[in-house]
Structure formats: C-alpha cells, structure tokens
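These are the structures, in structure tokens.
Two complexes come next, and they have one chain in common, subunit A, joined by subunit B in the first and subunit C in the second.
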Partner chain A sequence: MPINDLATILPELLLVLVGALLALADSLAPSLRPRFALLAAVAVAGATVLRWAIPLPGRVWGGVLLVDPMARFVDSYILAALFLCALLAEPYLARTGARFGEFYALLLWAGVGAMVMAKSDNLLVIFVGLELLSISLYALNAFHTGNVLSLEAGWKYLVVGGFSAAVLLFGVALLYGATGTLSLASTPAPSAPLASGGSLLLTGLGLVFAGLAFKLALAPFHAWAPDVYQGSPTPVTAFLSVVPKGAALVVLARLVAALLPLAALPRWTGLLAAVAVLSMTLGNLVAIAQRDLKRMLAYSGIAHMGYALVGLVAFGQDGVAAVLVYLAAYTLMNIAAFAVVSAFSEGEEEPHLITDLAGQGWVRPGLSFALAVAMFSLAGIPPTVGFAAKFLVFRAAVLNDLVWLAVVGVLNSLVSVFFYVRVVYYLYMRPLPKRQPQFSEPVLVRLVAGLCAVGIFLLGLLPGIVLAGAEVAARTLPR
Partner chain B sequence: MTVPTNYFILLATALFAIGAAGVLLRRNGISILLGIEIMLNAVNLALATFARQHGNLDGQVLVFFVMAVAAAEVAVGLALLVAIFRRHRSIDVDRLNVMRW
Partner chain C sequence: MLLSALTLTPGVVGVLLLLFVPRGAVSLHRWASLLASLVSLALAVVVWSRFDPASATFQLVEARPWLPAYGVFYRLGVDGISLLLVLLTTLLQPLVFISSWHAIKERVKGYVVAMLLLETGMIGAFLATDLFLFYVFWELMLLPMYFIIGVWGGERRVYAAVKFVLFTLAGSLLMLVGIIYLSWLHHAQFGSWSFAYEDMRRLVIPMGQGFWHSPQLLLFTAFALAFAIKVPVWPLHTWLPDAHVEAPTGGSIILAGVLLKLGTFGLLRFNRVLFPEAWEKAAPLFIVLSVIAIIYGALGSWAQKDIKKLVAYSSVSHMGFIVLGLFVGGIAATQGALIQMVNHGLSTGALFMLVGVIYERRHTRLIEDFGGLAAVMPYYTGAFLLTTLASIGLPGLNGFVGEFLILAGSYRTHPVAVALAATGIVLGAVYMLSLVQRVFWNALTNPENERLSDLAWYEGVAFAPLAIFMIWIGVHPRTFLSLSEAAVARLIGG
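The block that comes next holds the complex of A and B.
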C-alpha cells in the first residue's frame, strides 16, 4: 500500500490537536478568547481540504477503518456542520458570557468522534467513536452551568446516552458471541453455520439497533429529544440535531450491509419499517401541539429521522444514496433554523415561543427569510433541497416495492406542512405585539443563516451535485 | 470441570437487567450512575465469556476499552452532579423536571 496509514486520518488528527490547543490556550492566553471561533473554523476548513486532498485507499489501519467515498461524503457534511456551528457559537457564547476554549475543544472532539464512527468497520471502533462523540456532548449540553435548563438537558442526555451505550454494547457482545469477530468485514459468509443459531445474532442486532435508535431519537426511544433540544445552548442543539444522527445512520447502513446476508431479512426490514412509520407519525402529530420553537424542531427531527429511515428500509444503492442526500439536506435546513433561534436573545431560561416571532418578518427581513426558507425546506416544498431529499427517499421506497411506506411518508409530509407553515404565518402575517421580545442580529449568525439558505436553494435547484457524490458513496457498500 | 457458557450469559443478562432497573427506578443521581456501571460490567462479563468461547482476544480487548470509557463517562456524570448539587442543594433527579411537554 503506497500510502501511510497515519496520513489517512490527518483530518481527525488535526482537529484533535487544535481542540487540545484551544483548551490549553484558554488558560495560557485568555486574551485570545474572541479569536477561538475563528481558529476552530479555520481548523475545520483545513481538515476539509485535507480530507479531499488525501486519496481514498479504502481499508486502512489493519482493516479497522474504511476511508472510502462514503466516509468522505459523511466527513464533508460533518465538517460543514462543525464549521457552521463554530461560527454560530461565537456571538452566542459572547452574549451569554461563556466564551471558553473548552467549548470549541469539545465541539471539535465531538466532530472527530462522529467522523471516526462514520468510517469504522469494527464494532470496537464504532463504540469508541460513539463515546467520544457522546461524552463531549454531555459536557457541551450542560455548558451553561448556571442555567437550570442546561443542567437538566446535560443530565438527561448523559443518563439516556449512558443507558443507550450500554444497550448497544450488550448487542455488540451478542453479535461477537454469534460471529466470533468484532470486524464487520470478516463476518462469516452466509453459508457458514452459526455456532449458537440465528437468535443470538438477531437479538444482538436488535439491541445494537435500539442503542443507535436512542442516538437517532427514533420513535420509541425519542423521549429525551425535546428536553435536551430545549435546554442545551442553541449552537450545541444545532450540532446535536444533525451530526450524531448522521453518524449513527451511516453506522446502521454499514451494519445492515454487513449482516444482512446473515440475518433473516423480512423480519429485520419489518422492524425498521415499523420504527420509521412510528417516528414519522408521532413526531409530526406531537409537533403540532408545540409552542416552543426548539421543542417543535425536536419533534420535527424525530419525524425527519423516520423519513431518512425509509431510505434505509429500501436499502440498495438508490436507498442509501437517498439517505446520504437526506442527511446533507437535513444539516442545511436544521442549522439554518437553529441559527435564527440562537438570535433570540432573551434569557436562556425563557421559552423560545413561536408566537414571539409575530411580525418579525418585516422588522428583520434577512433572518426571517432564512427561517422561512428553512421551514419550507423542512416541510418539503419545492424548489428547496428538502423536497429533493424527500423525493429521492420516497422514490427509493417505491422502486423497492414499498409503495405503502412511501404513501405513509407523503401523508406525514402533508401533516407536517401545517406546523412548519404556521411559523411562516407568524413571521409575516401577524402584527407586531406591543411588548416585543428581544433579538440580536450578529453578523456571524446572519452569515450562517444566509449560507444555509443559499445552500438550500442551490441544492434544491441542482440536486445532481450532491446526488452524484452520494451515489458514488453508496456504491462502496457491499450488497 | 468448566462452567458452561450459558450460565455466564444468563448471569450477565441478569446483571444487565438489574442495572437497567436501577437506572429506571432510582431517583438518586449517584445510584443512576451506579446502575449504568452495572450494565456496562454485565457487558464486560459477556464479552470475556464469548472471548473464551471463541478462543480469540477481540472481546477481552473491548473490555478494557469499555472500562476506560465508563470511567470517563462517570467523571463527566459526577461533575454534572456537583453542578446540579450547587444549584439545587440536592441530587434527587426528580428536581430536574422544569421542562415538560
């Protein structure tokens, strides 16, 4: 192999080192604090360049990591999310008086954990990546230690995260018992007789799925999501709502691809389909009742992971490519929405009420337009990227003889239009209230919201750009 | 005479269930962290058992990683409990119920 193993993980190494430097610089050179966000963003940009400059050798590090087009695709969107969240965090932290280097260090490390998860082909490495991501996020969620809601969010995420990690790990132990290896690639061929029968394998797979479903906030395992979304610092919520979910979905795709020949296919697909339907329906119905924007976005996230799971149920190349496009789209629209939410500058313990947006469309045209675009995209209205992503997912379902699943998905989208458009209605068609809530409009927040809005339109009009990359990535999965 | 693998797995499952029950039923923050530890150690037992059954070391290596990660998780958990105690003068997690849907 011409390429050194160490060179294949240069982006991750860079981010880990810069994270450590930022944590150190916080105590050694506190005068640099206003520059930390910039440094983190530059490091993330550098990591992105490195990821695209380094060739893709495939299996490296003794077969533990898979640096393939799939890994590059997922890395790109994790890095994009990191970049946007780092920029978003700076004005927010400055305003709330918590501008510390540890914040960016933990953010970068969490990103590295997700990147490791996305390219690992070994259950041990998946677990370590997951925990690097989760433990960093526990601390980030509770970053406002003086805020009751932030502490509550941190504690809830920690307990749910620890619990789900243990469930996932028990599944890993059972899978290991059934196959005798932790490597996904060297799972025995379908014809090889399994030592203890298929039940051990199926139970293990079910438990691993449950563990990942906690991370994805899929329906029976979603109860933590609204509280954690509401209580966490908003830039952290933006990160939390896209990056762990993407990494977990990719792990799930790799796991299904590796173990599919072993597991009894129909039962497994039925389980995934049931969870997808439950997530979509519950997420959308409960979102209607929400008055807090962050909680509404949490339930919307539950529903969106249900849509993305439809692509995974369909599987095949078009299914996986659709899931990857969905992740990219979801990243853009969610970060746009949370960027606008982070401009709410009343006390962090106040709810972020949708009614507080009344009339803001005419007072703050830029931010309001970005929020409206994000809402239309989340609802799946053309010409936004949300429409393209939903179309691809449902097309994959129809092509794989899952018409009923596509129909349920489309009906759910219809329901969801109601609560997304209600936000736009408040923005533009309600008079300004007498007592106006306070907003801040820092340049960086407007920049992030603007970038996301442009991306939503650009990819919505030309979905081919991201779809081409996703199809190349999906081809690397064995089937 | 060797003890059959099944016994170890049954014991691990029982321990896992006890830990899960502890997480779900206890209201004291430290007891909840203990419950998570019991769950993780049940997994360690299962991993060591399977490693012996298959005659390779993969499972035992994972046990070490689980221990290290569990320690990190508890460190963050205890730090959070300290912050919560400063705020509420209690680590009864029922106090952490400001947010409701």
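The block that comes next holds the complex of A and C.
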C-alpha cells in the first residue's frame, strides 16, 4: 500500500483517532469531560485544514475512493456541519447530564461514515460508509436515555435504517449481477448489450435508489423522519437532518452519472421527477399541520430534499452544481434553526411547540432573529442563501426543458411560506404568555446560530463563493 | 456610484442600527433614520440635476459582476420613468418618519429598521436594470412590509399581514420562473447568459399557437400577475383594503404612495416593452378590468364608514385610471398614467397622513364620530381640503393633469371606456366631497371633538412638501412631464 494513498485519507484518520481517544478519555480522564466539545471541534477544524492542504489525486486505494473536488466540496460541508453540531451539543449534554466522550466519538465516526460514503466509487464501500454513519446515529438518537421519545427515535431509526440498508444491499447485489462490477466508474459502455441485464439493472437501480431515498427521507420513504427528528437530542437532529442527506445525495448523483447511459433515460428521469414532486408537495402540505417545531422542520426537510432532487432530475453540470449549493444552503439554515430550537426548549421531554415561541422576538432578540432568518431562508426569500439555492435549482430545471418542474417548485415554495412565516408570526406578533417559559441562551448556541445567520446572508449576497467550488466539483462527474 | 449611494444608504443605515444600536436609544433611532432618508432625498435631487431629459436611454449607469458566469450583474440605471418615481419615494420617506415620530412609541428600533430596508428595496426596484437584481429588490420589500403591518398595525393586523405576503409572493414566484426562462432564451438566441434589461429588449419571443404553447403569452402572464396583484387590478385587489386599513399610518403612506406604483411601473417597464404582441392581445382585457376597478373602487369608497377604508378603496379606483392609461397606450395616455402615479402617491400619501393625524387624537376613524372640525382645526381642514381637491382632479392641482392626459389620450380609440371612466371621476368627487362635508362642515355635535388641537408644527412640516408638489404639478406640469418624455417616446416607439 503506497504511503501516498494513506495521505489522501488523513482527515478521516484524524477524526477516527480523535473519536477513539475521546471515548477512552471518558473513562481515563473524566475531569476533561467539559473540554470534549472543544477537542472534537478542534479535531474537525484540523481535518478541514488537512482536507484543503493535501492534493486531490482523484482515484486512490486501487480505485475504491475518489478524492476529487467533489469529495472535497462534500467533505467541507460535512465537516462544517460536524463542527457546528459539536459546539451545539456541549450545552445540551451539560444540561441533560450526559456529557460523555462516547457522544463525540460517535458524532465524529458518523461524520467519517458520511465522508467515506460521499467519496467512494465502490458500491460495497458506499455501503460500509453508510453503515458506519447509520450505526453511530442509532446510538446518538437514543443518547438521551431519560427521554422515552429519544429511545423511540433510536429504535425507529434502527428498524427503518436496518431495513433500508438491506434493500440497498440487495440492490447492490442485483447491480453487480447486471454489470459484473461493483465500481461505478467502470460500468460497461452504453453500447454493451443490455437485453438480458436490462430489467435486472433497472430493478437494482430502483432498490439502491429506494435505500438512499430512506436516508434522504424522500416521500414515500419519509415516514420515519418526524418521529426521529422530534425524539432525538436536538444537536443530533441537526446533524441527522443535513449530513446523511448530503452524503446520500452525492452518492445518488454519482450513481446517476455512472449509470445514466445504461438505464432507460426517460423512465429513470420520470421516476426521479415523480419522487421530487411528491416530496415537495407532501412535505409542505403536511408541515402546515404541525404544531411541534421539530416535526415541522422534519416535513420541511422532506420538501427540501424534493427541491434538491429537482436539480438531479435536471442533471448536467448546472443541475449538480445547483444541488451542491443547495446542500450548503440547507446545512446553514437547518443548523441555525435547530440551534435556536435547542435553546428555546425548557426540557427535552417537552414538546417544542411553535406556540411557545410567542413574543420571544422582543425578549430574546438575537436568537429569535437567527430563527427568523433561518425561516426566511428556508422559505427562499432573498437576500438569503435559501433564495440563491432555489434560484439555481429552478434555473437548472428551466435550462433542461423542465419548466413545469420549476413551476411546481415555486408553487410549493409559496405553500411553504405559510408555515415558515407562522413561526415568525409567533416570535414577533404574539404577546408573551403569562407564564413565561424558562428558556436558556447558552453562549455556544448563540455562537452557532450567529455563525449560521451570517453565513446565510453572506452566501445569499455573494453566492459566487460557494458556487465556484460547486461548479468545479460538478465537472468531475462524467457526462 | 451615485445611484448605489442613493439606493443603499437607507438599507445600510438600517443594518447598522439593527446590529450596533441598542433598543433603548429611541431618539438616536429616530434621528438616524430621518437623516438617512434625507440623505437619500438629497442624492435623488442630485440625480435629478445631473439627469439629461433629452436622452432616452439609461443614465448614470453602474454595472458590477455578481455571478458573471450566469449573466447576473449588479446593474443600476435611471431613465425619466424611474427618476419620477424615485423622487416620489425619497420625498415620501422622510415624511413617513416625521409623521411616525410620535405615533410609533413602541419597538421604535424595529420600525425604523424595517422602513429603511423597505426604502432600499423600493428605490432599488425602480433603478435596477438587471432582471435578477430587480427580483431581489422586489422581494426585499416584502418582509419589512410584513413586519410593519403585522407588528405595528391595527386590530386585524396579522390577518392583513399574512394576506399581503401570500398575495404578493403568489404573483412574484411565477415571475421568477419567467425571468429564468428569459435568460435561457437569451442564451439560446445570442449564445451568452444575461439578465440585463437592455439585452432582454433584443429578444425575439415567439407568440406560438394558443395560450399554453405561446412563450410570450405565458411570460406576459407570469410578469403581469406579479404586477397586477401589486397594483392591484380588480379582481386581485382584496388584499389592499385589509393591508391599508390595518397598517400603521407610515406603512399606509408607503404602501399606497409607492408600493402600488411598483405594479404599474413593472407593467410599463417589463410587460409593455418585453412582450409587445402579448400586450396588444391583453390590452382589451386590462382596459375592461381597469374600468371595472375605477367604478367598483369608487362605489366601494362611497359605502365606507371608516375614513381610512374610504381612502383605501379610492386607491383601487385611482390605480384603475393609471392601468387604463397604460393599456390604451399612446404617448399622451402613457405620460398621463406616469404623472398620475406620482399624483396618486402625493395625494393618497397626504390623505393617509392626515387620517393618521386625527386618529392619533381621537383613536377613531369613523366618519360619524366627527363633524364640524373646520371650526376647531382650521389648518387641518385647509390641508385636507387641498388634498381632496387634488385627488378629485380640480384644474390647477396635480390630479387634473394626469386624469386629463389619460382621458384625452384615450377617447379617440376607446370612447366607451373613457365615458365610463369619467363617471368614476364624478363618483370620486361625490364620495370625497361628502366625506369633507360630514367630517368638517356639519354641526359639531360630539363634545369630544371640541378641544381637538390643530396641526402641530411637525405635522405641518410633513404636509407642506406634498402641498407644494400638488400645486407645482398642477400649475406647471412640464417640469415633470419633460423628464419622462424621451423615455416614454422610446418605449412607445418600441
């Protein structure tokens, strides 16, 4: 094994090692527990620096991993999400008395799983990355052992996750049968005979897509999301709502790019478009009926993956770049929202009712403003990054002769404004209730929310910063 | 740089206030916001002085790359059409701050920040010559207005605010798809990405067969829907009475004075120029709708018991005149529509301001609660009377100029529409004069009205500029008509 190959995965190695050290330190040096968050954050920052410092050789480890601009782009945002979630977790764990090293170890390993998934070319390695991510998350979901909802969330995610992993693996097996290779890049050329393997290939593709759709919480594979979002510790929800989805979406993009010439194109695009429309519509309509903020954000997430999928339906360089920008935008706004949610809750067992936000805008202006900004960004109103991302996705759709899909998208945006704006309405236009809820405003939560809000505006005004990287990344896909 | 300074000064001051000035520093917020709006006004006057009315193209142009690979540029430019409306905006904004000085006592910080961001959005939308930038400014106006209505508004403010947001967004989101489609079309026809307004003028947009297969008709609809909701064109007007009545005085002034004009401005700037064939096809429909709006709005006004609601419905009627002038076309009618936009901004802005004055004193706006105010508030009565006469089109005041030009420009081609619209003018006189009679002349029966104080000095200061312009435009309209002549001629000429 050449030493050069080892260097290409230094960021992953660093995170795995620091995770293991934190797990050990928990029993060896418990007095360090209050510093774990900081250590984890420093490790993540170090991994980010490493990722940008080492060159991008492309195909390494015998062709199994692709360390290319795409991988670096996705890594950057997974690491950013990890960093923010690690900071967010510290006040939460302190409050619930669960400040254990294992939490950060699992968080870092989950991140590594996502990073492996997003840069793999081999279907089995993708599966391994997915499992590393998922198994870490099963434990993290249920980390708040005193809360029955948290346990329920862990259990649900375990059952659904196990099931979807099996579906995915079966799909991988069929694909292997059809193409004779596990590598995405070395699938046979379009001219190769498909007569015998055609249906096998399509079934396998469909199953792999279904497995990924579970992770993405795309309708009709979304049913687990509201309960898991609601029950999981809020910092974990924040992580769960962005990282696995980002990784799965990139895998999907690589898969589509590699197999597109093989599969029957219209059928495949039609399937993706149908799922996108269904997710957008169902997510937005059901979100209107939600009274719990975390559940509302779960349905909003379902809708947002629908928007992102529009970019993949359009495909081409514009579409993939739009999806990547969408992921970055989604990460910022979702983590901002969950950061504020974690502050605006009295106890973790309590539901996070939207009505409890009444009047907070004038009592806790900073955090409320961050939440309002996140809501407007999710609704796609300029000058936020949410608008820039939606603009790019819909632009990709129009450019690829899918005007109808863009119209469905903007109409869905209109529906979504209703429930996003309702949060703002409670924050600023309702009087404070007589019994004032006991909310805390930990410094770290304010920091995370503030960083995200600044990012939302900065990237909203200057989307070129992230778009440039996304375009370079998109160019690495074949076609 | 001049146009950027004009556009961004209020917004930047607003953001600075938001981030760095504590909530408690109420007078600092008030003074800083007033000052920012005055600076904008001064810059607008500088733009006016440098503006060459003989040239029809955009002047003082600025262009900076924003997303150059996608053809998105930060482009500003001013022509005679936008200059008039920018002058109106920057004139009204300081008056809003003055008239809100004592009216807004709570959450002053939020109010002035929202107003300043709104001003940047409005000026930017008038000056943007890149469709993407235009859309950003267009949407930037939405949230401040949502907050202004929803937080500082009347009893049913939340309903009104949400209705305002949903109506406005419903129109503008389809326009976004239309804008993207135009840029794609530009790429298809010229091989480069662009959102520039001047580039869009060169596009050949196919008319196709039928509605669903006609890109031009579909694009026209996507844009017209956004603007027609804003105007509002009957039957899309239902958000307007709610929003106007529930908004605080400052919000109503801006809403009626400027925001509605963005709708007619957009129709003229984009629909008329970019989709000429579709415009011709849609003109009969819009002429009918505008005549309905004129009469419906006037009758609606007549039936109101609340003064503010009466003024709100009168806006539907007056905006109908403007839309009529635009769709009849021709230089006279278009010029008339344009000057009428300014007139309506002045007179309706003044009316809302004056209604705010007595609402603050009596906390009621019901006509029946008043009567005989002329005896106790002579200056106030004079101001209200002047505005009323301007609004109903008395020769010598501004309203006459606009209505005359619209009707004179239309009667040859659309005699029936003109005849019906003229009844709207008569109805306008009826409801406004009967309002004046009931509020100011009838016997002073209600003892609560006996000790009302007349206009305070700052209220007089806020009203005076509006009065000056009402008379100026009425007596010497050429000052303003000549500004837009070249630009309108270029528009009509195609």
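FYI, the second predicted complex is superposed on the first by the 473 of 479 C-alpha atoms of A that agree within 3 Å, B and C clash if a C-alpha of one lies under 4 Å from a C-alpha of the other, contacts with A are read in each partner's own complex, and residues count from 1 in each chain.
Assume a contact is a pair of C-beta atoms (placed from the backbone, for glycine too) under 8 Å apart; a residue touches a chain by one contact, two chains touch by 3 or more.
Values in this document were obtained by computation on a predicted structure and should not be read as measured data.
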Combined model on subunit A: subunit C and subunit B, fit or clash: fit
Partner chain in contact with A:Leu158 - subunit B first, subunit C second, else both or neither: first
Partner chain in contact with A:Phe391 - subunit B first, subunit C second, else both or neither: second
Touched partner set for A:Leu353, first subunit B, second subunit C, both or neither: neither
Contacts of A:Gly177 with subunit B and subunit C, given as first, second, both or neither: first
Touched partner set for A:Phe127, first subunit B, second subunit C, both or neither: first
Dominant toucher of subunit A (residue count), subunit B or subunit C: B
Partner chain(s) touched by A:Leu447 [first = subunit B, second = subunit C, both, neither]: neither
Which superposed partner A:Leu39 touches (first subunit B, second subunit C, both, neither): neither
Angle at subunit A between subunit B and subunit C, C-alpha centres, nearest 10 degrees: 140
Closest approach of subunit C to subunit B (Cα atoms, Å): 25
Subunit B and subunit C contact sites that coincide on subunit A, given as residue numbers: none
Contacting residues of subunit C [partner subunit A, same complex]: 23, 66-67, 69-70, 107, 110, 135-136, 139-140, 142-143, 146-147, 150-151, 157-158, 161-162, 165-166, 169-170, 173-174, 176-177, 180-181, 183-184, 187
Residues of subunit A that touch subunit B when the two form their complex: 123-124, 127-128, 131, 134-135, 138-139, 142, 145-146, 148-149, 151-156, 158-159, 162-163, 165-167, 169-170, 172-174, 176-177, 180-182, 226-227, 230-231, 286, 289-290, 295
Sites on subunit B touched by subunit A in the complex: 9, 12, 16, 19-20, 23, 29, 32-33, 36, 39-40, 42-43, 46-47, 49-51, 53-54, 56, 58-59, 61-62, 65-66, 69, 72-73, 76-77, 79-81, 83-84, 87, 93, 96-99, 101
Touching residues (chain side subunit A, partner subunit C) in the complex: 362, 365, 376, 381-383, 387, 391, 394-395, 398-399, 403, 406-407, 410-411, 413-414, 417-418, 421, 424-425, 428-429, 463-464, 467, 471
